[in-house]
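Handing you a structure now.
A, B, C, D, E and F label the chains in the order they appear, each numbered from 1.
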Amino acid sequence: MNDRLDPELVRRVVRAALEEDGAFNDVTTLATVPPGQAGRGVFLAKDAGVLAGLPLVQAAFEAVDPGIRLRPLLRDGARLEPGSRIATVEGPLAPILSAERVALNFLQRLSGVATATRALVDAIAGLPARVVDTRKTTPGLRALERYAVRVGGGHNHRFNLADGVLIKDNHLAAARSRGLGVREAVAAARAAAPHTLRVEVEVTSFEEAEEAVAAGADVILLDNMDPAGMARCVKMIDGRALTEASGGVTLANVRAIAESGVDIISSGSVTHSARALDVSLEVEPS
Amino acid sequence: MNDRLDPELVRRVVRAALEEDGAFNDVTTLATVPPGQAGRGVFLAKDAGVLAGLPLVQAAFEAVDPGIRLRPLLRDGARLEPGSRIATVEGPLAPILSAERVALNFLQRLSGVATATRALVDAIAGLPARVVDTRKTTPGLRALERYAVRVGGGHNHRFNLADGVLIKDNHLAAARSRGLGVREAVAAARAAAPHTLRVEVEVTSFEEAEEAVAAGADVILLDNMDPAGMARCVKMIDGRALTEASGGVTLANVRAIAESGVDIISSGSVTHSARALDVSLEVEPS
Amino acid sequence: MNDRLDPELVRRVVRAALEEDGAFNDVTTLATVPPGQAGRGVFLAKDAGVLAGLPLVQAAFEAVDPGIRLRPLLRDGARLEPGSRIATVEGPLAPILSAERVALNFLQRLSGVATATRALVDAIAGLPARVVDTRKTTPGLRALERYAVRVGGGHNHRFNLADGVLIKDNHLAAARSRGLGVREAVAAARAAAPHTLRVEVEVTSFEEAEEAVAAGADVILLDNMDPAGMARCVKMIDGRALTEASGGVTLANVRAIAESGVDIISSGSVTHSARALDVSLEVEPS
Amino acid sequence: MNDRLDPELVRRVVRAALEEDGAFNDVTTLATVPPGQAGRGVFLAKDAGVLAGLPLVQAAFEAVDPGIRLRPLLRDGARLEPGSRIATVEGPLAPILSAERVALNFLQRLSGVATATRALVDAIAGLPARVVDTRKTTPGLRALERYAVRVGGGHNHRFNLADGVLIKDNHLAAARSRGLGVREAVAAARAAAPHTLRVEVEVTSFEEAEEAVAAGADVILLDNMDPAGMARCVKMIDGRALTEASGGVTLANVRAIAESGVDIISSGSVTHSARALDVSLEVEPS
Amino acid sequence: MNDRLDPELVRRVVRAALEEDGAFNDVTTLATVPPGQAGRGVFLAKDAGVLAGLPLVQAAFEAVDPGIRLRPLLRDGARLEPGSRIATVEGPLAPILSAERVALNFLQRLSGVATATRALVDAIAGLPARVVDTRKTTPGLRALERYAVRVGGGHNHRFNLADGVLIKDNHLAAARSRGLGVREAVAAARAAAPHTLRVEVEVTSFEEAEEAVAAGADVILLDNMDPAGMARCVKMIDGRALTEASGGVTLANVRAIAESGVDIISSGSVTHSARALDVSLEVEPS
Amino acid sequence: MNDRLDPELVRRVVRAALEEDGAFNDVTTLATVPPGQAGRGVFLAKDAGVLAGLPLVQAAFEAVDPGIRLRPLLRDGARLEPGSRIATVEGPLAPILSAERVALNFLQRLSGVATATRALVDAIAGLPARVVDTRKTTPGLRALERYAVRVGGGHNHRFNLADGVLIKDNHLAAARSRGLGVREAVAAARAAAPHTLRVEVEVTSFEEAEEAVAAGADVILLDNMDPAGMARCVKMIDGRALTEASGGVTLANVRAIAESGVDIISSGSVTHSARALDVSLEVEPS
């Protein structure tokens, strides 16, 4: 796949982060590093993980000084070990120092997301299920974090509420309180949504899964079931709909979940609770 | 202290998050929940921790429908136990569902930051040091995360590069490569920076700490020293400058660090690696 | 369905239009109408058609003066005859005059889109096909024009390139030039796109339609076929995929197209070439 | 004249349209066209008309990929016949496909406006009147549509309410309800408006035209008069003011109107009801 | 005249100024003034002059806290003496202090412009000429400074390059270098500009003034002439065009200029070099 | 020091000013200067002073046409005499004329600020005090005016309320009304503000100065004292805090103030009441 981050979005997000960090008015660097002084540096991994975020590092340096040259030694998606050399940077020293923190903030966070995703993906190696993200992303950074999920070997769920239909427990409860059921909710979604969207329904029991299939759902989300319960549902559904496992997915249980035969496993923690990957920039003035 | 989040900033960040999430074009809810249907819900903690982010929850519901009423049962800063009731929400059901995820995304993240901060603060109870944040924050959310740090009992470091002077190793290396030392770097900072700013210098050894004090630094950042080394520096500095401990601060070592006598302990992990606190919204249509 | 226009989007678009029109610096009105003078007016249809756009009229007057009261006499979707009274407006005269043109520009354009859509929908009354829009909308106004299509009884196609998969002739040609076929293109789309999206494939012949069905397409777009050719494809597909007719749809041929049994009929002309519906505002100073 | 479209405005409008269309996240193209594949295409007219909008096509391709080369074969203002080759495009195929619809949406709409204008202008060939636009433009696109009017041989009326004085029936009614007349309204406008602006007055009868001239109006707008009535007014005015014909101008009557001797003929339909000109992009992967 | 400042523009400019001033993160006030403390204050003039800018003061307080009440004791345009009480403000003390500087910055600057304008206007009392501003305004504040000019009894020149035709020496030099003269330049302007605009021509000598009148200019700008030269031109022009005096206008010579019979006197110094009027806010906590 | 203006801020401010001035729709120039015509010009000082603002001039020409070449003959900070040649500009004539006014508006204003600052700085030559600006800057232009102050040899005070602690009379009055004094206010500021900020306290008498020093203030602002009073305070403080003189600073008294021994002298008039420096652009078409 042709994986592209919108370059204008990257520029905009990076520019906003640099302004937030006062990078264009870095009083310390302006006072202590003269304009003519050059420098070079290298980005080093200090933990094992998966690299993600080089386009943002590139954009951060471009934004502060077009004379800075970043030379990637690895690509997004590469496996990192402590000590892995990620990229070198060279040019006027002052703007390198002023942009360093923002570059690292993006790189560490996105590499953290990619690393957490890769761990789940590796844990189900050989099984057909795909690991996908959720809408539990950092406000303002969804497109970037979804990119990091892909870099880590995962797939993306719907981008947002506007481009996917997912009838959840609350929607069904709303329908029931008006005397309607899954069938009517699915029909309402089909009538209102563009024909280019599938209709997914969240269920919490075997009986609800039966109802959802009967109602013609294209995808059944099995919420917080144990692997055995999931396997029973998958068998009953028998290919009439896709199945998604959701809720409480961990490194410890993800393989068991995948072995239940579900098509999709979604995880919020890869975005909402990923630890930043430790990366440092070692600078050497010249 | 009069702790205030800029309400316009809150509105802007929340609005952007709602747009990012497609909340104003929630195809599922628009299809399955009629405009007239009302509902109510309660925000419940599912983990122990510290609450932070209610103003963002409030703003999220206001943005989608001014007819929704949020009634806080606790305040930001409250201790949460699994099952703690945080707030109730009541009004038209459809917009409540459309804004739910964004409200939770903010609440879980900021409560996670407050919880991680509070853990460090509690660990040094009775000692005079203050726990402060760093610039390792989520791009775009710095003001909010700093608020969460305060809610968790911490203090804030400088906001960004423009409003604090911190001469780091790279600045000193740049000076040295030009034949200058700490003294000249501090003098340059004093000459260039507004007189309202203190000058802080990062050191990695006892000898550098001596140099920095001699150069007239107002604050000495002791980088990655062990508690014994810090204590030795603190004793040598003897009140001539404030001292800040930085690098590798954990729950396990923070009390030992504080006992070294430093004035300030800074932690990046409370913002860059805090786990989201688990909170749910239980909705009941009516 | 709960049809909602994002009120913030409406405000933003209307505000931009008022600024574009210099409504806040209307030299003529400021010079000739004193602040104290009140007035009232009525919006009158001068052509037959379908009403769409009242929320924008409301927003235009609110933006220039919150003291203006708009009282709708009809709702969006109402049938208009020449002379139909649409709404009254009352309040300070000067801002009413300053906002008049912008209010009418939106109302006339959106009513034009709704009217054109309704004509197609009425022409296929009793048949199951749905009329949908395309991406041939006015830059900047897509959400509004899609709303007008719904108001006119139509449905919406995908919003944009990000939220629907439609493999068109150019994508297939690109695949073929690399030695691949429809099957591989569909598989690539399934692998890359969120599982919440259907995969639609554009075909121009019976043979291509067969290929697309065999490749597992969820929706087949029959491009520029005549009704007989469409009917043959529909029969062959036999419910294994949805069918969409596209290209050259007119009032004259839409019923024949619908009778071919297609599920969806898409029309670009309802947005790109709709005539503005003639509406006037008759004002009476007091 | 040096006809220039503000390049920053063009970039901004085009960028917004591309974002609206999801062009930077085109799931189909990203999935089915690899980054290395190149392609070329040609823009072909499918109807007769006048070309307008090439700068927007250029900007659309630049925005998605600076490596795309657009080579215009004609210039804005050129006459098109079905089959006319307008421009070629060459470069990486994926971004060409992602920007195609936005490029065409602008080109078809603006060429439609230029074509409608040119038809009116041609119809009065040899007569001194100028055809001008009105404020009945598409919200957000006024500057572009005015450009298309000029490209089609027309002229522009005032840009908006801030940069031209036009005392309309409602302003005069407001004055009359306060016991004042045309004379006082013209005087008020002269007193308030910058001295760089003429004062134009709308009249609906011979008597009002007499009043307006006596009041010292610089321009008289003859609203919805028949050609004979206009001719009578023009003769009476006798060069003491410019005259503008407005209301109900069609291809059928525009020559008769011009023959009445008016200086200016304004038409709203060239912007609010122009049909999009049919143009296609024929792409060939390589 | 109905003098209105666009309230949204006011809000936007004031909001930007408050953000620039860090008013939503006023560390001193947040630390030293508790949220519950109320206060009141009075705006006092410390110099003589003309008041302008109350809507911005109002907007500044509204932006920081809607609970603050501003009670104007005078209106924009009022004459101030040292000690004049302008307005009182009452409410929560902390936000009053945080917005004080921004409120004063606008009030002092705009009152300075109004005061400088009023001095020129008063100096020509009894003569028919109008004092107008120029485009030599503060970037970003033109609409506000033009308002202050009107408040001071002046009038406005064209807003900007887009809404007035003024053929200056450089335009004429450009024409001459191509072998053309004033006549051709005026004709070109008439052909290109909307018919709602007058054509003004800048001249520096009696002979050029003759040329400009012969070319049909509507307004003649007499640049840097002495009053006697102006009077000679005015007499020669004899009402065939308006006349504007420009260049080197001071309080000392403005009456002599006005006595030359010119219609308009333009002054750049009222905006580019006005001294801020001294105003203070005396606050009293309660 | 490495004095850098954020280039993106410069572009943004200049672009906004050009839009405000209608520079992209300059009807006069578009009508009278053909696209092919070239020209050159020179910026000439007409008054003595200090040059500031060349980066904005550069940005203004770049924004309208990248083909224009500006060649600085002097640098910001240079002394100007009447007739000093500042820079030449060469390229397409039309956009040079369209951007001229905006370029001059920035250059004249910033040079005015630099000139006023330089006069104060020169007046205290040989004395150790630094001249600093205040927050009495033009809304929207603070960063630029602070740059001009530095160019004129001055220093900057805190940027805004968020990045410096200054306890003023109103804050102290608020404290007193709650039964608290300077000591408690300083302690509250220390507790709430980042440790990177000094605490400055405003005093109006010798006694208050004593109190402030006793309270541990880092900087004492001596408000509106006469030089003798200042000298007495400086002697009493004896290096325990920095001292800042503020209020009523003029060219006439600034040397006497500096001789009192204060460290810092702040002046609002260098920004709020500086006269624009007279600069012209002499253009020559070719």
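Quick note on the criterion: contacts are C-beta pairs under 8 Å (C-beta built on N, C-alpha and C of every residue); 3 or more make two chains touch, one makes a residue touch a chain.
All values reported here derive from a predicted model rather than from experimental measurement.
The chains in contact with chain B as well as with chain F are A, E. Averaged Cα coordinates give chain C a centre that lies 45 Å from the centre of chain E. Averaging C-alpha coordinates per chain places the centre of chain A 53 Å away from that of chain E. Under the contact definition stated at the top, the residues of chain F that touch 2 or more other chains are 1, 25, 29-31, 33-34, 159, 162-166, 188, 191-192, 194, 197.
Here the chains touching each other pair up as A-B, A-C, A-D, A-F, B-C, B-E, B-F, C-D, C-E, D-E, D-F, E-F. By the touch criterion stated above, chain E contacts chain F in their complex at residues 13-14, 16-17, 20-23, 25-34, 37, 39, 93, 97-98, 100-102, 104-106, 108-109, 112, 135-142, 159-168, 170-171, 173-178, 185, 188-189, 191-194, 197, 269, 272-273, 275-276, 283-286.
Across the interface of their complex, chain E is touched by residues 1-4, 6, 8-9, 143, 159 of chain B. Of all residues in chain C, those touching chain E in their complex are 15, 24-25, 29-31, 33-35, 63, 94. In the complex of the two chains, the chain A residues touching chain C come out as 1, 130, 132, 155-159, 162-166, 188, 191-192, 194-198, 200, 218-219, 242, 244, 263-264.
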